[in-house]
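Here it is, the structure in full.
Letters A, B, C, D and E mark the chains in the order given here, with residues in each chain numbered from 1 onward.
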């Protein structure tokens, strides 16, 4: 439940600004790549070290770190770009909430990448830290396979306008693919709710209630990650921080729109889950009612009849009816009459 | 459930500003019409191309595009009017939330047209994009048959003050008919809830619970579309964007009033549905209670009697009562006394 | 449910500013009265037409229109006072939400008069539109018998300070009696809830659940009318619109206080209704429980006894017990022991 | 329920500013006391009239009125201090919400004194109105025995700093004891909830549900009185009204803290009550379940056995088993086997 | 429940600013320590009195008081540092809500230290008061063993940057360890909820419902302490109070982040508990349903059979079937047919 605060109590004794990696190791060996590009061309430095990071005036410089547990590398790159120790602490403590923080020389953005495992119906998350400086962008990813590859491809293949624009557009493009990656997750998540819905509509059982409970736990998780997005994109879309130039503003507003769409989707899923729980409870009540009716009808009809049979099963010496020739058929007729009366009564009550 | 984000994950790989039509094709062939009018007269260009769009000083120019899948046409018209690529992206990706966005030279408004299918009790929606420039309005509709026809008729028949006024009044008139179109939808939707209410009041069943669940799903849908309206109309009604002249302000406030009314109605429907679900659950509990009472009364009365009969049905050789001449009537009398006692007890408990 | 948007879909095709009366005709023939008064005296023009409305510097002029379906009269009076067509549209479309709207030369206030029919437990409403200009007030009532009569009487009888003060005080006095008229309605409404409470406390039935459901529907209605009051009176009590002079401000704050009181009362009623529904559901569960206990005790005690009797009712030839002289009393004793054991068990469980 | 608006509908016909006492008469004869004091000494005028109220520069003047139904006295004192008629109306209409209102020459504060009757578990309230002018304070109490006596004692006994400070400190000291008086009420109220909790934990019954319902009604009452406090103390603690000098600000912030504490306590009580209702409903469900299990086990075990006994109680002439010597013990053994099988089954289901 | 207001009603009669210790005595003898340090070195005065507190320009002075019931000591130290009497009142009345208060010469911060007793599942709390002046910090702890020891160690061991920085950084470091101490509490608390979850998933009982109720009571407690944190850290992180220098701002923002994380965790726990209660109620309904089905099936099958047996157990003289040679097997076959029919019916209903 509280995975997102696990590990924090252990590091509480350390002084602020201590670099401690918190989170799973999702790549074998962390590495850094630096890409310089502009309208004319592109050059890439693989396995870069601090010395390879040298932003210049007429090129965009993108430092891309994948894997967070090489603390030496990250400290070195951080010093090269003059990053604040508390910023680096946040980068490697990969449990941050989505946020945006303004420093004097750069803007710091934390986003989280959601993944949904359809087998186990569990949502997991990874952190993306992005720093936008004047002419450069640094990103820190937890794993190898993230939506940022799409942006790298666009630069390599010179698709769209990205190559012609500045570092602020690069930051926008990265945020854009991160936000948009949520749509696939939400679609898969929504389908998983639709499957539970089918179960509940067909036959509400304890298993479907437990599935719904598990699902709602995932929604709590989801909202914790998505809610702070609203603030983050609003800050960015206001465009008044000075780190984004005016031509990029309409693009930022698009990101904000998409974030609202994501939140709309998360809300819709949550309300559907709530409605489904209600339906489940109602259906249970209904079924209990139905079961009760069968019992009541069976018992109410046969118990009086059995009583009558019991009366004439008594062994008194003087029971004149037992001697009557038509006593037996008369009693059977009386029983049929009682049964018919009760059936009519139950029909009248609409139980039959 | 999440139709409104369907298709987005597929296009996440494309660079921003790519024109991709998202949504059903609701007309055979998209087409554009340009209408120029002022107090003196009106002229209409059917099947217009980019060259036909030429706003002039003393006429209002209304470009009306119906059908969104002719991307060439929309790109051409967009270039003619200098529309931003991200704006055009929103126009053809017909899943936008209602919104208003200010650009330097025009105001961009997205609204959604609701339709309610009374047969299936399903709400569907279409997008209307409107751009208000200096002296011109461009609208992009998904289908052929929308409330904008009312506005076009008024211009053609010179009804009301529309022909005497500017492009801002035209934009107002379009927004007005769009907002007002919601009233018919809400009326039909509310009637469909009233039908469920009748069912629940008469006989709460699993079918009525499922209908209510489906209905609540539609309300989630409805609110997602209607809630952003508040912001949109508030922005417009403040009248401080400079795209609306002062004489149009009282009209814009009327639109805002109507939007609040629409939201009031949606809220009222939602609360009624919530109350109805409560009533349903309560009624179920009540009926279970009633069924139980019948069972309890029948069983409690006859089980002791049957026991007594069982006692005198035993085959012991020495059971003196069996020999008594008045044994049988005495036992019957005892049974009647027991039954009467129990009936009095149940009456006392108000179960009978 | 949605009475308050009925009729709007029909008029959606009309151009803005068309005068169409929406609402019931609550008087036979609409008429206008104009009252001129100041500290010196008062003169009244009955059955006034537009020509009779002539505000002058040293008198307060109150135009009072009762009945809204004489559109010619209202259009004429409106033109005389220079009222905006959209304002007149709101006046006759008597389904407006409470609101306050500032125009250059007057302030436009819409309030709603609530009435509660104790027979049917239904809340109904009428619209009061008020326009406060410089030196004049115009009011538009739907019916003949409204709290405004109290204000007219005070002017006629020169009670209180009203005759000495200006048009702004007149507007205040009218808003004051309108707000205060809600107290009577809320008292009666609250008493009607108290009656349902008595029912639920005595014997929760399906009828009391339905009454509660109906009651909650009326609360939805009530809140829709009362909630916008908060905004309206806050606007007025801020006193910064320039239409109210400083000596009137303490009076306006009193109105705001009373409106908050009204909203408090509505909230209290709503929460009581919610608590009552909870009590109802709990009581149902309790009663089901009690019914179950009776059944369980009766069945659990007699079913084993009946079984024992059944055993000795079997017709086997070799059943030695049947021959024993004390077989019968021994079995009766065993039965009594079983029953006593079960009774002790149920007492131990506190079911008896 | 709605005691706090009782009486208002009756006075709706009166002109604003009419003095009408609303509320119970809690003292025999209303009276006024004026206390003048400073660092040097103190003098008290009992049974004061308007002429006794004469604030001077170097003394604090405290006019204390107890009992609100001597309207002549209050009107006279009000005129002496130049109090606005609407303020006096609020003073005697002792149903005001807590509020603070700034006039040009004084600050008007309304607070409510809570009392809790542990016998009936009913919360009642009285009004305290306070006016803070330059160098004077006027207070209007409904009854004889209020926390203000503590303040009067401190002045008389020269305890604490009160005698050395100004009228603003006196106003603070009064508000302070009023706010702090809530703690005792909340403690007693919370204990009354703890008693209900004990009942629910031991044995949830209809009586405990009704007690909880009554309790929640009192919470509605409580919150209506306490919620407005937040605004009142925030206004006062901001200290920007000019009626409080800077040395008094830290004291005012303390009052605000205590008010927040009171609200915290009220919230905690409310949430506990909600949780208790949930527990009650869950416990009911649990008990119904338990009762059902006993019935099901008893019935399921004995009904088949009784059937077997019934079979061998039939009177057919040709029933070979009846002749068998070991028929009877064989049947008894079969019955024991059936019973054992069912017991094993129920154990397996964890019902036994 | 309301421990946090206990004791307040007793002290309501005292004048403001009276020092009264409220809370448990958590140390034997209160004592004060003063630490002076800067980049060069450190000196510590144990068992300090007022005379030992002498802030100087080039050293940070940390006065650390442990134990709050030596009122003389606290009054003396407070006078030395010129602390306001109301501040000292708050320090010893250890029931304050978390808050931050600006005085002219110092900033006053109250935080609460949570502890969770895993045995009893009870959350307890202690108060930490912190005053940040120019060049000095004073802290007041209730007990001996608090996270502040971590900060003292860092200064002693010259770990991290604390020794090189000013009093504002010391205040930050203290707030930081206080906020971070919540993570351990929340982890343990969350695990205790996970244990209840296991119970509910396995077998929902009255005991698990009571555990959940107790747990929710602790959450109310938790939130009351944590919610005010948001305001406190926001105030501090804005950094505009002038008590924190700009180099400390990024550190303060980190504290604010962690506080939000703590609140996220508390919210997640609360929502999980709510979902669990829902699951509990649903599971109860499910089980009642299952129990009912067993009863209904058993009773519905055997009651008709027993009736048939009863009929042929009647003692009428003329019952021709009894004479038939195959009467008995025919009746047995009929019984088997009835039972089979009912079993097929129940299978059809998916009850078997």
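Here are some notes:
Methods note: contacts are C-beta pairs under 8 Å (C-beta built on N, C-alpha and C of every residue); 3 or more make two chains touch, one makes a residue touch a chain.
Computed from a prediction, not measured in an experiment: that's the story for all the values here.
Steps from chain A to chain C, taking the shortest chain of touch contacts, total 2. Chains that count as touching both chain B and chain E, per the definition above, are A. Here the chain-to-chain distance from chain D to chain E, counted in touching steps, is 1. Centre to centre, using the average C-alpha position, chain B and chain D are separated by 41 Å.
Centroids built from CA atoms put chain B at 25 Å from chain A. Of all residues in chain A, those touching 2 or more other chains are 281, 285, 288, 292, 295, 299, 303, 306, 310, 313-315, 319, listed in ascending order.
By the touch criterion stated above, chain E contacts chain D in their complex at residues 1-2, 4-6, 8-9, 12-13, 15-18, 84, 86-87, 89-90, 95-97, 99, 101, 103, 203, 205-206, 209-210, 213, 216-217, 220-221, 224, 277, 280-281, 284-285, 287-288, 291-292, 294-295, 298-299, 302-303, 305-306, 309-310, 312-315, 319, 321-328, 331-332, 335. Every residue of chain C that touches chain D in the complex is listed here, in rising order: 147, 150, 154, 159-162, 172-173, 176-177, 180-181, 183-184, 186-187, 190, 193-194, 201, 250-251, 253-254, 257-258, 260-262, 264-265, 267-269, 271-272, 275-276, 278-279, 281-283, 285-289, 292-293, 295-296, 299-300, 303-304, 306-307, 310-311, 313-319, 350-351.
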